[in-house]
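What follows is chain A paired twice: with chain B in the first complex and chain C in the second.
Coming up: the complex of A and B.
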């Protein structure tokens, strides 16, 4: 076994199905990446362009950030894939616990700086 | 022994315990360390109870009183109860799910040594200008550089380091429970102790992170002159209270949940009935875990956050009574109609139920925001949380101790001494703390080192202190019991001395280092009991007998913890006159710690194999 390792492989060990899946995954990664660059440009435009009121910009950027976060976690860090149920549920319960705390802290302390 | 033939050379006992990564040995290390801190914290309580035995006593000074109270609380919550539960969890949890070890044995050892070095760092504060004295909550501004002594630096760094240990142990438990269950052990067949440890570990992961953040902010304030908590410089003191209680309230449940688990194991075993309402128990634990995060504000009703916030958090707090009630009734229904055997463990488990309910009832009283203004900072609060912590958690711990003792040490504790211990402890506990409800209602404030004569508090404080003495006597009886049983008691050689129900009782006593020669096949909830009814009383193997792969021991966790200790001490010594510069200490600590990490990453440690023949001969020898 070990002495064969330094010889070049003639063809991939993957079968057709695996190759197809890999290609598909690659395509999803590229599309997601392009999409993320797209919404980043949108965010810059929203801030930079004249005529767009701040009252619109702030929630809009936050929304884009949320989308970015979801794509990052689920597509780039593979939470969408099989056997990621436990990590997913931990992430979600972390969010469920942390979100009300942050909201409550901001409201209760009355200190809002941005 | 045959095992040493395969395991290179024979090691010295001390070296073996310093380098061990075996979950059973780490459990015993946790047990010893936790007991030492427990006794230490208990002695502190006796000291300040003596100070309060009569009006205007001058047994200790007010400063010492503050230090004792602070250290009593901090040690009990962080360094006594948590590690004692971790001891049981480390020992029992892999056995209950049919695993050979926890998921990351090296990390498990690191968790213990970090916890211990943090605990020692906290304890040596007595020798460097006084212990922390701002209460276990360390509220700012009392704990700020301006008002708080050097002890608080020890509090911050010591808890930070032992918190790292707790955090990584918790992650280890989560991974173990999720990934290492035996075939057939679905989540809904998990013994309740494993469920509660899983939820506890999740709570630790989500609650110790805010604590670490808060402690870091306090450290920046104190050591590096930041101003997060200094109002004059734009900081906010209430922020500390929020961060602390976001951690601090779940912490109560981190402590009490494993006790729920132990009671849920002990009660069915000695009632000879399966746990009533298993599914509802699991969901009750989940709901309690979730709600425990949403109620932190009830510690701060009198801060002045406004009626709406107070109402919301008061209602959320009272909601916790619902799942807790489900659990209490399930325990009662388990005992109802069961074939009860009142062993010492069952004494503790059965008395846990009403005592814990008493603590819960006063909890609902405290949850009513308007009335809380009356109770706040009185002995009523002290009485309430000691009913939860002693009447709930410590009784649970002692039930677990008597229940698992034969599996851990190969002999039972003496039952007669055990029952005497139980009654002395139980009566002493009620004497100490029941009367404190009334003391609180007539207005005795907590954390005050003396009181005046003729306010109607003399007799009640006297009774309370006598109760504290009784609890100390009880602990001495327990120590006598442990020594007596170790010398005189008959060795337990059978696998299952209690006629119990779960997998840990299907292993040989003493347990070989690999736990199970063959992973068991689980066919039901309470798998061992199922096999007793439907099979031949032995677990069926799920795999053929084969070589068993075990991890090697390592000294690195110990060395890394020493690095953390030195580094932590370095941060504290910024405000001390030492012969050595703090930067040097921090550098030494950092190099030791990260050097240990690098050594671990670079070495190729494949562990060792116990051969099939060795396993066979060991199994024959034991059974």
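Coming up: the complex of A and C.
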């Protein structure tokens, strides 16, 4: 095993069923990407358009960013897959730590605007 | 684990996790990214706390240009897709396609970074130096940290592509390409929050 680690392969060991599954997954990724582009455009429009009140825009674009976070983590970084238990727990702990850090820093720096 | 893979039939379906070393690289990458998440959180928190401290210098709404940020966002989001397509090519043992998509990712990254440098030069000419105000330093530090990550990623993929240009996909380099793709998605993810929190909220929030 160890001696042929640097050996390229003539062909893929995947059978037809596995290949079909992979192709379908790839199609889902492209659709997820199109969806991401869509919500990005929506976020820019919400800010760029005249007459939309700030009180609506800010929570709205933050919500869209959250949706993007979930798509990137679960589809592009494959956290939804079966063998991703540990990566998921690492990333979730990171996010759980990150949220109070942001809030604490904003409050420490004395912002009363929020 | 390593000896349980039958390599006689061809490239295993998940070459990035077929060896123990690959599995470790994969897991280690996520430990690193979780740490990066908390690091970026501190920079975001600092920026949000300081962004109204403009010290009568330029304000976010005076500087930020929606079209430029939009173009940069589209470029970086697309590069995330191309790196995903590269990992699919890798799983199918299509080395040419893997290289092609990785080079596209690289070029998109270079374009993004050039636009960011252009943007910083522009802001500097509008009177936003690093020490102009609390807003200026926290902005340059946060966005500059992201830019530094992009630069690091570009160096990473360039080295991988040059080093493996004629090797083909092996069980040794597949985890490396996969780790880069994960890193690149993370960079993209951070940018999603930068364009939302820094630029969009700076203009309209």
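For the reader, a short list of remarks on this structure follows.
The working rule: the second predicted complex is superposed on the first by the 97 of 114 C-alpha atoms of A that agree within 3 Å, B and C clash if a C-alpha of one lies under 4 Å from a C-alpha of the other, contacts with A are read in each partner's own complex, and residues count from 1 in each chain.
The rule is simple: a residue touches a chain if its C-beta (ideal position, glycine included) is under 8 Å from a C-beta of that chain, and two chains touch if they have at least 3 such contacts.
Computed from a predicted structure; not experimentally measured.
Contacts of A:101 after superposition on the shared chain: both chain B and chain C are touched.
In the superposed three-chain model, the partner touching more residues of chain A is C, compared with the other of chain B and chain C.
In the superposition on chain A, A:73 makes contact with chain C only, not with chain B. When the two complexes are overlaid on their common chain A, residue A:61 makes contact with chain C while staying clear of chain B. According to the touch criterion, the shared surface of chain A, contacted by chain B in one complex and chain C in the other, consists of residues 86, 90, 93-94, 97-98, 101, 104-105, 107-109, 111. Within the complex, the chain C residues that touch chain A are 2-3, 5-7, 9-13, 17, 19, 26-27, 30-31, 33-38, 40-42, 44-46, 48-50, 52, 66, 69-70, 73-74, 77, 80-81, 84-85, 88, 91-93, 95, 167-172, 182, 185-186, 188-189, 192-193, 195-197, 200-201, 203-205. Taken in their complex, chain B has these residues touching chain A: 178, 202, 205-206, 236, 238-239, 242, 246, 290, 293-294, 297, 305, 309.
Within the complex formed with chain B, the chain A residues making contact are 86, 90, 93-94, 96-98, 100-101, 104-105, 107-109, 111. On chain A, the positions that touch chain C within their shared complex are 1-2, 4-14, 18-19, 22, 25-26, 29-30, 33, 36-37, 40, 43-44, 46-48, 52, 54, 57-58, 61-62, 64-65, 68-69, 72-73, 76-77, 83, 86-87, 90-91, 93-95, 97-99, 101-111, 113.
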